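Note that subunit A is present in both complexes that follow, paired respectively with subunit B and with subunit C.
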Partner chain A sequence: MRERILGGYDNFVLPFMIGIVFIITYLLIGLIRVIIHIPGPDRKKLLLSFVNPSAIYKNIRDIICDCLIHVKIFKRKAILGYMHASIAFGWFMLIVIGHIEVALYVPQRNGVLYYPVFFRYFVKQEGDITLRGAFFFFLMDFFLLLVLSGIGLAMYKRVHSMALGMRRTTKPGFADRLALYCLWAIFPLRLLAESFTAGISGGSFLTKPMNMLFQNFLSDDMHILPTWWAYSVALGLFFIAMPFSRYMHIPTEALLIVLRNAGLKVTKIRKGFAAAEIYSCSSCGLCIDACPMNTQKKNLKYSSVYFIRFLRRNRTKKINKIAEKCLMCGKCVALCPVGVDSCGIKRAQRTTVYNNLKYDYSYLTSVSHNPPTNTNEEKKSSSILYFAGCMTHLTPSIIKSMEKIFESANVDYQFADKDGGVCCGRPLIIAGKADAAKEIINKNTELIKASGCTTIVLSCPICLKVMQEDYNLKGINLIHHTQFINQLINDNKLKLSKTSDSLVYHDPCELGRGCNIYDEPRNIIQNIGELKQAQSEKLESICCGGSIGSLSLTYDDRTKITQNSVNKLLINNPDKIITACPLCLKTFKDQAPVPVEDIALLVAKNIEVA
Partner chain B sequence: MNKFGYSLSPASVINLDNADKIKFKELIDLEPDVLKCMACGSCVSSCSAVNFTNSSLRSAILSLQNGLPEKAYEYLKGCMLCGKCTMICPRGINTRRLIISIFQTYNFKK
Partner chain C sequence: MAIKNIVVIGGGPAGLEASAQLHYMGYNVFLIEKNDKLGGHLGKWDRLFPQGIQSEELLNPLIKNTAGVKTFVNTEVVNINKLEKQYNIILSNGITILARAVLFATGFDLFPASKKEEYGYGIYDKVITNADLEIFFRTKSDSRIVNPLKIGFVHCVGSRDEKTGNRQCSKVCCATAVKQACEIKEVFPNAEVICFYMDLRMFGRKYEDLYLTAQKKYGVRFIRGRVSEVGENINHQLIVKAEDTLSSKPLKVTLDLLVLMCGMNNSSEGIKTASLIGLKADEDGFFETLNPMQGSIFSHKKGVFYAGAATGPKTLPETINEGRAAAICINNYIKEEINE
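Entry: the complex of A and B
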């Protein structure tokens, strides 16, 4: 293998060079801007993660799994995963092997940006083929074929997305289209260019036969240069269109993984960490199918993918409209292959609009722990605090059931808000009134600490989530009543009688995706009746429609969501719907054709009296 | 306007000439649900803040209709947006959004 073109340069590399220089400059400036907008303590966390071996390992593993092999998409739908992995991994390997080839055969050209890309144009094969050369040529052709198969699938997906497991995909913008067509063109053009050159530079199982085929009717070597020009132009255009298109996710995703693993959170809307998230969105549109609002076609435009697109374009009015509409159920975040926390950005956006609204919580000073009416019945020493929460007070059946369960299991407890307490603060946080929420959180923390408890049992997943995330309750164990009951059953403190009912469990958003509690409630239900499957479970559970997350969703729209959710739950004809959130209970109760019960009520009804 | 000087309670006079109808229209544009309210008071009966204050969405809406936004603020300042009233409202009013909208249109800002 020897250099064919002296000086190792031809004019056709110019479009590629312009593109690559542009994109590298753009990425560097972008990276600096992201780092500037990350607040000081977060920057320190980021630096620390670079010297921590386990964090480095995690970063590398996540980057390989998510950026190259796309494990998350594979898990969702194998063929969709293959499509992404073949393009990403194949392209990556083409780049790596290209560099190895240059390093081995023409070491004097090491570090020339364009050389590995157009390697086959610049070299020629001399005499016998070495095994080593044939091996690399084989690898190059193999990975090119891999990429081409992925591109073929991608083209097919454009016309028939359902075949690859997506009901709906996004509408691409202009830059998206340009970059998309360039991406489609790059690899077929590369194949053509390398095939035309294969007679000189050599090739493998793909390029050699193509070369022989072409020689039958296109013997003229004049075809070599135009195809290399076309290949270079396609690459250059792709790089220039990239920052304005969805393909910006290719470089940004790696940055996002590093930042996320360092434990950073969204602080400023559109800047710093949020910018990394926004540009990591690949506009794939998986969130469109995920969104519970999209049972109605008119709501398609409120999907997270469009929210992020408008953020990139800085269209404040539309951003606010979507941010207010969102149910904050977190399903799009859970299913996002890149893991963009769009709900976090939406919350930050709401804060910019509503945090300046006035409020007056001076009455909080008069609220004290243990209202005097109850002091006689309650034992101060008990270490378990039961916190029902506002919503549970709307569904007294849960409170009554919990009281019965505590009594049957002989558990001493204090009731934190028997006569109604202060809200937990999450509704305010979700609505964007962060300062007001802080005041309430401080008050509640003070009340909880005053009670001297070590465990808090909560009936409302919304309260549980906020206490885990935003409260500073070190040393206090926070558990949901499903976990508490499950523990009682495991400890044999609670005996349940088995019934013949078939039951389906609805995963409340805040309990499932929010606090990662899936198995305990199912375990309890299996102790009482037959657990039936719903159509979408666990991570993919559909919001009941009553979520306090949405600000502007109207009653009618919510009803449609509830009906859809109920239908998906009843797919296997269960006798009852069981849930573990007072809000879901209240929402379903009005609309479901079968009885709806909270898990606490189900347990309380079936306690076996010894 | 004549005020009748009974001494037991202060005169309660509603002067609709002072009511800012444009502001109320703005509110209707922002959250049309405000017109659905039939002043049943379910929101107050379910309110978390009512244990400690005289919060009342019902009274706030009436005050706005009567052109007394300051009074409406007094009724709403303790709201914790917990959303119980939304669940309870027999008219399906999106009360949380309504409360926020009132704060925005009448400029109850810090």
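Entry: the complex of A and C
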């Protein structure tokens, strides 16, 4: 194998070179801008993650799994995963092997940007085919075929998106279309170009036979140059269209993974980490199907994908509208193949509006958890603190049940907010008013620390989530009552009687996706009745519609969400719906045709008296 | 036309009055009542606002006037079919009636208080509803009412409350609450009585007098603000949290009895029966009427009429007037049909 073209250059590489230089410059400037907008402490975290071996390992693993193989999409829908993986991984391998070929055969051209891309144009095969050459040619043809199969699927998907498991997909803009058609063209053109040159440069199972076929009716070598030109133009155009299209997610996703693994969070809207998130969105539209608001066609426009599109276009009014509408159930974040934390960006956006509200904290001084008792005997305070939370106070059946459970299991406990407490602060945080929540968080922290507890049992997942995330309660174990009850059952402190009821469990957003608690409640339910499956469970559970997350969704819209959620729960005709969040309980109770109970009530009703 | 049959569904005040009037006009009236007694909610009430007359004083003559009406109690409508100019009505007792006109006087359901779980009905002993209190006034016995010293009334339970799906005002609960507050003061003169209201809608004749009497004579306290939640202490007393919106302060009181003024929903049985001939409830749950500005008697179906609370919350005089009006409308309708 040796170089065929002297100087290793031909004019047709120009479009590609313009494109690649443009995109590299663009990406570098973008990267610098992202880093500039990352606050100091976060930048330090990022630097540390580059020298931490386990962080490096995690970065590499995540980039391979998410950017190349697309494991997340595979898990959701194999064929869709294959489409992404074949293009991404195949293209990646073509680039890698291209570079290896250059390094092996024409080492003098190492580092020339276009050389590996157009390798087969510039080289000539002489004498016998070596095993090594055949091996690389085979690999190149194989990965080209892999990519082509993915492109084929992509073309098919454009026509029949249902076939690949997506109900709804986004409408592409101009740049998206240009980039899309270029992407479709790149690999068939490469196949053509390499096939035409296969007689000179050599080829493998794909390009060689094509070459022979072409020779039967296209004997002229005149076709070689135009196809290489076309291939180069397609590549160049793709790179130029990329920053303005959805394909920007290809380079940005890797950056997002690194930033996310370093523990960074959204601080500024549209800048810094948020910019990495926004440009990582591939506009795939999986979030349209995921959004609980999709029960009504008019609400489809509030999906996260459009939110991010408007962020890219800086359309403040529309951005605010979606940010306020969102239920913050987190399903779109959980299902996003790139893991864009759109809820975090929405929360950041909410900090920019309604900032002249007045807050009155004067009531805080009057709240105390342990009213002074007149009893002389010194009662040692219990290490378990029960924190019901304000939503639970609106559903007293849960409190009564918990009191009964504590009593039956002989658990000594203090009831933190029996006589009324202070809001946990999460409603304010979700509304984007984290600063306003600080005062009440401090008050609660002070009360909790004064109690001397080591474990807090919470009935409301909203409180649990905020205490885990925004409170500084080191050394105190925070558990939801589902975990607590499950532990009591495991420790044989609570005996439950089995009934013949069939029960379905609704995963509350804040408990499931929020705190990752899925198994304990199901385990409890299996101790009491027959657990039926819902249509959308765990990660895919649908918001009850009562979420405190939305600031502007009307009651009618919420009702439609609730009805849809209930219908999905009742798919297997259970006798009862069981949930583990006072807000879900309240919301479902009004709408469901079957009884709805909190898991604590279910347990309290079925305690076996010894 | 030989057939002069008319079916009246619902034996409450509206149905009774309409039946009596139609019978008087010479029609062959069938009155269908699902319960074993005529009178509807009125039959369960003790005294009526604003004058405080006994419910029997109103109900007994209403029932008496229906003497010639064919009345079926414990009977439900199983099916209604529209024929060309008549309705074929099949009853649960096996009887089928061919009727020229059908009157829905299906009334209302009391809002189920347990839906507002934060008020603790069915969870705490000392929480009762307005209907429970009327039964207490009649029977003077209720295990939940034991010499209460502090009593609260919560207005607008399941009314003007979007979260329960009821945006509308139930119209009669303000006056009922004020009446009941006075009455309970008569039973327990030493008790302190507080009414938690959003707005006091004392719109009717002599209602305002009742409100003044409650304050002057009975010393009932009125606090403007919605109750947010109800808890219970070790002595099974109720801890009620509310906001006094006039002084913009949160408020916490300990009570021995809490009465929930449940509002009106359209009768669920009524909705079921009406759906048999494709009549729909409006967004607020009550039946849609043909032309709301021209009264609420006409439905979207020819020959089907409404009277009473089925088309929205109403006071007793309004309901009885509507029963009478419905009788005239039905009479006119049948005469026009004959002349055609």
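A few notes on this one:
Operating definition for what follows: the second predicted complex is superposed on the first by the 597 of 610 C-alpha atoms of A that agree within 3 Å, B and C clash if a C-alpha of one lies under 4 Å from a C-alpha of the other, contacts with A are read in each partner's own complex, and residues count from 1 in each chain.
By definition in this document, a residue touches a chain if its C-beta (ideal position, glycine included) is under 8 Å from a C-beta of that chain, and two chains touch if they have at least 3 such contacts.
It should be emphasised that the depicted structure is a prediction, and the values quoted were computed from it without experimental measurement.
Looking at the shared chain after the overlay, A:L264 reaches neither subunit B nor subunit C.
In the superposition on chain A, A:I405 contacts neither subunit B nor subunit C. In the superposition on chain A, A:D419 makes contact with both subunit B and subunit C. Within the superposed three-chain model, A:S397 lies in touch with subunit C and out of touch with subunit B [touch as defined at top]. Of the two partner chains placed by the overlay, only subunit B lies in contact with A:I440; subunit C stays clear of it. Within the superposed three-chain model, A:K586 lies in touch with subunit B and with subunit C [touch as defined at top].
In the overlay built on the shared chain, the residue A:Y363 is in contact with subunit B and with subunit C.
By the document's definition of touching, neither partner reaches A:L531: not subunit B, not subunit C. Judged by the number of subunit A residues each one touches, B leads among subunit B and subunit C.
The contact surfaces that subunit B and subunit C form on subunit A in the two complexes overlap at residues 363, 393-394, 419-420, 555, 586.
Contact residues of subunit B toward subunit A in the complex are 33, 46, 48-49, 51-53, 73, 77-84, 86-88, 92-94, 96-97, 100, 103-104, 108-110. Every residue of subunit A that touches subunit B in the complex is listed here, in rising order: 324, 354, 356-361, 363-364, 366-367, 390-391, 393-394, 419-423, 425, 427-428, 431, 433, 436, 440, 546, 548, 551-556, 583, 586-587. Only residues 115, 117-118, 120, 123-124, 162-165, 228-232, 239, 241, 250, 252 of subunit C touch subunit A when the two sit together in their complex.
Subunit A meets subunit C in the complex at residues 363, 393-397, 399-400, 418-420, 555, 559, 585-586, 589-590.
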